[in-house]
Amino acid sequence: MRTEGCGGVCTDGRPAVRGARILAVLLALGAAPLAAHAQAHAHAHAQVTVMAPPAASASARPGVVVYAGLAEAVAAAAPGSTIRIAAGTYRGPTVEVRTPGLSIIGEGWPTLDGEGQRELLVVRADDVTVRGLRFVNTGVSHMQDRAALRVIESARCRILENRFRDALFAIYLQKSSGCEVRGNEIIGASRDETSNGNGIHLWYSPHTRVLDNRIRGQRDGIYFEFSRGSEARGNRSEGNRRYGLHFMFSDSCRYERNTFRANGAGVAVMYSKGVTMVGNGFLDAKGSAAYGLLLKEITDGALTGNRFAGNSTGLYLEGASRLSIADNDFVENGWAVRLMADAEDSRFVGNLFRGNGFDVATNSRTLRSSFDGNWWDAYRGYDLDRDGAGDVPHRPVRLFALVVEKHPEALILLRAPVSAVLDGAERVFPVLTPALADPRPLMRAPR
Amino acid sequence: MNALVLVLRAGVRDLARNRWLLAYAIVLGAIAESLFFFGGTGNQVLLSLLNATLLLVPLVALVFGTMHVYASREFVELLLAQPLPRRAVFAGLYLGLALPLAAAFVVGLGVPLALHAASSDAPWRALWYLACAGVLLTAAFAGIAMAIALRTDDRLRGMAVALGAWFVLTIGYDAAVLALVSAFGDWPLERPLLGLMLGNPVDVARVLVLTALDAAALLGYTGALFRRAFGTALGPVLAIAALMLWAVVPYLFARRRFLRRDF
Amino acid sequence: MISFDGLRKAYGARAVLDGVSLGLVPGRVTGLVGPNGSGKTTLIKLLLGLARADAGRILLAGAPTDEDGAYRARIGYAPQSPRFPENLAIGEIVAMLRALRPTATLDESLMDDFGLRAEWATPVGTLSGGWRQKVSLACAFLFRPDVLILDEPTAGLDPIAAGVFKQAVRHAREAGRTVLITSHILSELEELADDVAFLTDGRLRFAGPVSLLLEQTGMRRLEPAIAALLGGLRLATTGPGAMGAGRDARPA
C-alpha cells in the first residue's frame, strides 16, 4: 500500500491525506495492553508493530519500528506482531496477510479505500485479528465476488469492530473455521441484487461466531453455506435487498437474539439439520415472496421465543419436520404460519397469535403437525374447569383462508363481514377446513 | 340567512339532542373503550373498530335516516310551504341528517381513541383512514336512506327496504363476489374485482382501511394490480375518491326524487 | 286573490282532483268541505307547490304560481297535523321561521294570546297535539300573510284556544286577507265561513256563499245542507263548467 503523507507535499501526484503517515515500530515484548493481546496468540515471540505518524518521540521509543507503508509493514512483521495503523486514507494494491498471529489494528478509524477497483485485505494465515479499520469502496464486479475483507483457509481469525461502506461483499470467509466476526458495522450501497453482495458471507467456514454486527443495504445481510456448528448472536440485519439471513447446508447452527427487519425477502433457512433459533426478531418482511422466516427442508430444529411481526408471511414451513416451535409471538402478520402439506411432526406449543390476517394456512386437508396450548386472539371458547386452557378446541385454519389459498384474488374480501360469516358457518359445520385443531388453547396470553 | 343554513341548523340542533344518536355515539365509544380495556393493541382495536364501522355505520345511517325522514315529513311540508327553493330545503335536510350522524361517529370513536392515544402506539394512518371511511360511509348511507324514504311512502316497507339494502351491501354483495371468484377462479379476476369493490361503498371503505392496516397481507399474496392499488399512494387516493363519489351519488338520487315528488 | 283553474291531479290511477276551478276572494273566509279523501288537502298542496297538478293552473293575484316559490311569502299555512323536530324548542322553531322570512312584518298577537311565550323553551316533542296546533297556527298568522291556508285548524284545540283562533280569523278577514279553512266540524265553519266550497270525489259540487247554499238546499244549518248535497241533490250551479264561481272570483 502506498504511503501518502509528506507534510502536505505529494510524492506521487495524489492529494495528500493529512495525518496519513505510517511508521512501523518494534516494541519490546510485554508492553502493557498489547502484550496481553499478543499472548492470546499461539506465538511465543509475539512482536508488536505499530504504524503511526513519524514522530520524534515514537522513533525514540525502544522496540518500535515505523514503516512507511501498510504492505511493507505486513510483509515485514514477524508472526504474532501487532500492526497499528494510524488515521488516514490508504490506497494501494490489495494487502495480503500471510503471517500467522498478526493483529492489524486501526487507531482513529484509518480508511482502506479500494477506489472502486479491488479487494482491500486478504487473510491467508491463522489467528489473524483485524480491528478498528474502515473499508470503503470495493466497486462492483460481475466477474468475482469482490470482498472488502476476505479470509481464505485460515483458522481462528478475529474480525472485530470494523466499518464497511460500499463494499460489494464486506466480510467473506471461505474455508476458514473457528473465526469470530464481532461488532462490525456494514452499510452497503443498497444496489439491486445483481450488482450487490453479502454483508457477512460464510462458505465452508464451520464453527464461526457472528456476533453483534449491524448490516444493511447489502444483498444478503448474513450468508451461511456449508458452515456447520456456527452461531449468530445479537446481529441486526435490516434493509438488505434480498435476505436478512440466508442460510443453507449448515447443520447444528444456533441463532440468538438477532433482529432481521425489512429485508427484501426476509430470512431463509434451508437444507439443514439441528438448527436452533432463540429470541430472534423476524420483522416487516413485506412482499409476495417475502417471509419473516422461510424454513425449507429443515429437520430437528427448535424455534423458541422468537418474534414474528409485520411480515407478509411470518413463518413458512416447507418440507420441515420434527421441529419444536414454542413460545414464539406471531403478531400482525398477513399470514402468521403457512404450513405446506409436506411439513411433518412439528409441534407448536405456547405460541401467541395476535392480529394476524390469517393465523394458520395450509394447502392440505391432512396435516401431520400439532398445535397444543397456544394463545389465539381469535379463540372464542370458554374455560369452565378453570385449568387455564379452553374447553373447546380451537381450529385456527379459517375457511376463508382456504378460499384465499385456492383463489388468491378473494383476498380482496379480507375482513369483509362475509368472510366472518363464512368462518362462522364453518365453525358450526366443520367439513372443509383441515382437522387441525389446538385442543387446549390458552385462555390468557402467555406474554 | 341562507335557507340551507337555517334548515341545516334546525336539523343539527334537533339531532344533537336526539337520544338515539347519543346512544349510537355511546355504543361506538363503549366498543372502542372495551377493546382497549380488554388489552388490545393498537392494530387489534383498529380491526375491531373497522368491523364495527362496516356493520354499524351503514345500519344506523339507514335505519335512523329513514326513520328521521319519515318523522320529518310534516315539518318538511311546512318548510316547503315557506318561500324557499326546494333544493335548499333538501340540502339543508340532508346535511342536517348526515352531519350529526357523522359527528356521532367521530365523537364516539374519537373520545376513547384520544384517551388512549398516549398509551398505545396507535396506527395513526389507519385511524385517519377509518375516520374518513366512517364519515364518507355515513354520507353515502344517509343519502341512500333519504332516497329510500322519499321513494317509499309506507314506513314499514321503507324500513324493510332499508334493512334489505343494509344486508345486501354489507354481506350479500360480497357473498356474490365470493361466489363469482369461486366460479371463475381460473380467469384473470383482478381487474373486475377491483371494479366490483368500487361498486359498493362498504367494500371501498374496508379496502381503504386495509391499505393502511393489512397492506402486508395484501401485498404478500396478490398480483401486480392489487399491489399497485394497495401498496402505493394510488390505492387510498382512489378509494377516498370512490367513497366521495359514493357520498354524492345517493345524494343526487335522493335530491332528484325530492325535487320531483309530491308531498 | 287566488284562482284554481281546471285543476287535475291523479295519484296513480286514482283521480284525486278532476277538473276543479275555484276562486278565493280577499276579505272573505272560504270553508273547504268534503268527505275524507275528497281532495281538500290535495288542493291545498297544489296551491302551496307541495304537489304538482297534472293539468290546470293556479293564479295568485293574477300571477301563476311558479317554481321558485317566492309567491309563498304571501301565504301562511297551518298543516293538518303539524309536527316539528322533536328536540327543538318552540322559540327555536319560531326563530327559524322568522329567519326564513326576514323581511315580513310580524303579527305576534296569536303567540301572545295562545300563551306560547310561557312555553318558549319547551321542546316540541313534549307538547300535546293541541299545543303543536297552537304553535302551527301562530306561525301561520305570524307574517301577516295575504293568504291564510288552514287545514283542520281547530283539531285538538281546547275551547278557549279555539275561541282565540276564531277571533284571529275574523281579524284577518277584517284586514282584507284571503282565508281558506278546511274542517270536519261544520258548525265551526258556519261561524267563520263566508263562502263554502264542497268537494267530493275530486269534483267541486258547490262553490258560493254559505247563504246561497242554505237557500238552495232549503236548510237552515250548514251540516244538513251539506248532507243534502251529499245525498246526491244536484243543483243548477254545480253543473260542469259552471261550478266554482264564488261571485267575482274568477279573473276575466
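In order of appearance the chains are A, B and C, and numbering begins at 1 in each one.
One rule holds in what follows: a contact is a pair of C-beta atoms (placed from the backbone, for glycine too) under 8 Å apart; a residue touches a chain by one contact, two chains touch by 3 or more.
Just so it is clear, the structure is predicted and the values come from calculations on it, not from any experiment.
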Which one of the chains is farthest from chain C, going by Cα centres?
A
Which one chain sits nearest the middle, judging by mean Cα positions?
B
Please report how many Å separate the Cα centroid of chain A from that of chain B, as a whole number.
48
How many angstrom lie between the centres of chain B and chain C, each centre taken as the mean Cα position?
42
Could you work out how far the Cα centre of chain A sits from that of chain C, in whole Å?
89
Chain A-touching residues of chain B, taken from the complex the two chains share:
39, 41, 43-44, 47, 50-51, 54-55, 170-171, 174-175, 177-178, 181-182, 185, 189-190, 193-194, 197, 202-203, 206-207, 210, 214-223, 226-227
Chain A residues touching chain B in their complex are 284, 286-288, 290, 310-313, 331-335, 354-355, 357-358, 377, 403-404, 406-422, 445
In the complex with chain C, residue positions of chain B that touch it:
1, 3, 6, 9-11, 13-18, 71-75, 77-86, 262-263
If we count contacts the way the header does, which residues on chain C are in touch with chain B in the complex?
11, 45, 48-52, 68-73, 75, 77, 79, 81-88, 92-93, 96-97, 99-102, 123, 136, 149
